[in-house]
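Listed below are the structures to be examined.
First subunit A sits with subunit B, and in the next complex the same chain sits with subunit C.
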Partner chain A sequence: MKPACKSCTKEHEKTNYLHMKQQIIEILTELRPEFDFTQDVDFIEAGMLDSFDVIMLVNTLDEKLGISIDGMDVVPENFSSAEKIEALLKKNGVK
Partner chain B sequence: MQINVTEYLDRTVQLFPNKTAIDDIHKSLTFSQVKKQAQALAGLIIEQGLLNKPVAVYMQKGCDMVVSFAAINYSGNFYVPVDLKSPESRIKNTFDSLYSKVVITNKANHDKLKSFFKGRIILIEDAEQHSSVREDLIQKQLEQVIDTDPVYSIFTSGSTGNPKGVVISHRGVIDYIDWAISTFNINEKAIIANQAPFYFDNSTLDLYLMFGAGATLVIVPEEHYAFPAKLIDLLNEKKINFVFWVPFVLINVANYKLLEQKKPEYLEKILFAGEVMPNKHLNYWRKNLPDCLYANLYGPTEITVDSTYYIVDREFSDEEPLPIGKPCRNSGILILTDDNRAGKVNEMGELCVRGSSLAMGYYNDFEKTAKAFVQNPLNIHYPEMIYRTGDTAYWNERGEVMYVGRKDFQIKHNGYRIELGEIENAVLGTELVDVTCVVYDSANKEIVMFYQAADELSIGEFRKKILLFIPKYMVPTKYHRLEKFPLSANGKIDRLKLAEMIDIVKR
Partner chain C sequence: MSLKFTYHNKRICGILTVLPQREVLFEEEMDNYNFSPAKSMKLKLAMGFNKHRIVDENTNVSDLAVFGINYLLNNQLIKKEDISALILVTQSPEHFLPATSNIIQGKADLGTDMLCMDINQGCGGFVIGLMQAYSLLEQQEIKKVLLINADVLSHKVSKRDRNSYPLVGDAACLTVVERSETPETIHAVVNMDGRGASAIQIPAGGFKMPGTPETAEVKEDENGNFRSLENLVMKGDEVFNFVQTKVPPMIEELLKIAGKTTDEIDYYFFHQPNKFMLNKLADKIGVPREKMPSNVVENFGNASGATIPTAVSFNLGDVALTHSYEVCFSGFGIGLTWAAIVQKLEKLKFNEIIYY
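Showing the complex of A and B:
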């Protein structure tokens, strides 16, 4: 059995899908280790991701997940929280 | 004869008093409002008894900051824009090197400023209540200012750790702006989207096309540059027809392939400078917006923004380099070989600049000034200063200047001019590593740090500490711990070896 996903309380068996949020938080933390991305704030409004970070983030997600996020979807609403980023990835077919 | 930049505003107010001068999304001001507010604020500065002295401006980019600049110039002094996101210690350094007595801020930033600045603080809100304008006092101050006196000072990264204040004269700005207005045919119909931070001298063009040609300046909030789709919407909403941006922004739009889906409908002129613009991305823009004028500008802060320009007039393949073109009117370019000869066609040398727009030097630093601003070695007859840029370049067969790279450890990263030495000083300042060497991976646009330390760094802790010394855009994003640094024959750290270790593609 794989370890429990830190971002939620349940234990999961088949994991990739449910660990997506955790993965996103890891990528964000690697980008800006000085911030806590598990807190419940708007990443953009709180200044945790600036313009360079967003570009790096989109590049990283594209590369790691083999997707190509549409530029039209690169809007603040889709990057304000780990859940929003997760929704964007799902839209791009990431499971 | 114009000798002071405030004459631009005086003239434009006569022509277009009720036209929008600045729009920062939250509020907008007409030319006559800008002048009235600036002159009221100038009165408060004059009361401090300053003339030809630096006055820093500590606030967010917006209408109030532009008003402050004009006010400082009306008061017979020169402005120093501060990067609010810069760490406090770095801002304090700047104030110390200026011997700053007076800083302008607003209520929102007052307490923070007061916590580390002990001089006199002028609140812009006080001037708004203080509506009486003493034109006679302003006149008296301006009568003492000549065109070689400073108009602003902008700080750039310094290799020993302390930023240097480049002092620019009124003459420099007038020389530059008059060239820009005639070369790019700018008038009051221009609507400009500003991207450059005001502590970055590219903003000089935006600001003074507004003051000088009566153009409208739209100050775009920074987050729009992270989200280019939003940016294009704003360009259309504000009917933007002129931009002068760092290539980074244009590259970003191209990488997202946005222009097929969303076009800036009103854009006519697209200028860029600050770092190399790859033809690959420029070609994408040219294909999608074929009717726009594209111009590549080049120049260090020390020559008042730009000294050469190239209006794109022919096809380039994606891999070809874009020329930086020919000298701006009234600027002279020399390409000097190592033995101080004028470089022939295709012969590389150091790009040097001469002309009225040369900076006066670095504030309170005669030593560094004397190193960079030197006698023209080709002129042995009378004193003539040139500025040695440290950039390597050559003339091509068409008589255009081609940029090659740097002679030293200065880099351009996302449009920011950075001395690797300043980063290294800050890395050591964290006291978390014993030895460090920072190199730039230009292929992947990353600042890479090699270090020697007893333990592997905790990156979170490291970044928190280093952000106390340098702004975020200077912080390394790749980290490699080494047991031992490779040394060159003379016992110095071998940067070339390090560069090879991360497969940096050398030019």
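Showing the complex of A and C:
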């Protein structure tokens, strides 16, 4: 169903945004439960994700979201924060 | 843009894959790696770590190769007098000199009226070797070329290197190449970039850095892998990025040259670094994953230039004796090298796996 008004649209998009970010954090936490992924830090520089984690994360995201993240995008800088991962998912077709 | 090659009236006659009897399961080696068991098991699924075939410490390339040659001769799959050239593609030479191809020729008691050559190539070695075989067959004196892709790099990979050891495999593949009666055209493209030479290397043991007690010392790297300077080291991230960036456009270029669409190719037999990388390549090139087999690492390990013919032997088996296919071979890695061939894989005379 289409949203009834502009403000509703904004609210709806916001809800989706929160939902996607939350999902990403849940997946990251499942992958590395010893870290808090709600922190405002660079996940790669902080050692929270290594290259093998990135591979497992891509596999999980591909599977759960029914996409295939472009291999050229599988570089550490795209996985340094929940926002970067979200942008990557959007680039790869997740709405 | 790639360097382009075209060949006419050449074919692969048969493929024999020689694998070590010894099979080691990933679970048996998991404790060597600096990972929790749970993480190791997740990686097993993502990368296709499962089991690999590893030679014992006394087995080398010539042992596997001569075992294969004797099998071909004893089963009348080739005649000694028809072997005009032996091309060995390996990065596991038995000595600095002489060439291991000469050692194989001597041990197999082949004729002296032939050419032996070693080519130092790794993951791209099947394509490079095949191109060399096709070029030699332009000479009318050359009857058949025996291309051997063989490596025993498990000797040079640290057992405590989780980047490389779970993946490494040993194998020798013997591919007999000859002239064809059918007027098929074979298209090939090649690229090399030595600026990336350090992405996969064995730093010590050659003339530049001879082996010493210091180079043999095992140290831990920043990722928790343990290896010495005499072990193979692979910068996994760099290699992955290079492959994903360079290979898809090369395949697109080659198909355009060959006048084929992606759908017209029956199989994409690519080098087998790991399942994840191959799945990403298939998705990027836009071919169904089942057309690009990715099951060599999980069953046998990555034996460098031998993985493409192993994939043909393992996935097609006897079916290749009664059917012909349009195939795309592509090898990429050490060098850096990336190369590919599109050709018809005519009905083979033999296509099997034997165990040493």
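The rule is simple: the second predicted complex is superposed on the first by the 77 of 95 C-alpha atoms of A that agree within 3 Å, B and C clash if a C-alpha of one lies under 4 Å from a C-alpha of the other, contacts with A are read in each partner's own complex, and residues count from 1 in each chain.
Throughout what follows, a contact is a pair of C-beta atoms (placed from the backbone, for glycine too) under 8 Å apart; a residue touches a chain by one contact, two chains touch by 3 or more.
These numbers were taken from a predicted model, which means no experiment stands behind them.
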Clash-or-fit label for the pair subunit B, subunit C on subunit A: clash
First, second, both or neither for A:55, with subunit B first and subunit C second: both
Partner chain(s) touched by A:44 [first = subunit B, second = subunit C, both, neither]: first
First (subunit B), second (subunit C), both or neither touched by A:72: both
Which superposed partner A:28 touches (first subunit B, second subunit C, both, neither): neither
First (subunit B), second (subunit C), both or neither touched by A:89: neither
Stretch of subunit B, among 38-46, 416-424, 452-460 or 488-496, that runs into subunit C once the two complexes are superposed: 416-424
Shared subunit A surface residues [contacts with subunit B and with subunit C]: 50-52, 55-56, 70-72, 74-76
Contacting residues of subunit B [partner subunit A, same complex]: 222-223, 225-230, 252-253, 255-258, 261-262, 414, 459-460, 463-464, 467, 472-473, 477
Contact set on subunit A toward subunit C in their complex: 50-52, 55-56, 58-59, 68, 70-72, 74-76
Subunit C residues within the subunit A interface of the complex: 35, 39, 42-43, 45-47, 162, 223, 236-237, 240-241, 243-245, 276-277, 279-281, 283-284
Subunit B-touching residues of subunit A, taken from the complex the two chains share: 29, 32-34, 44, 49-56, 70-72, 74-76
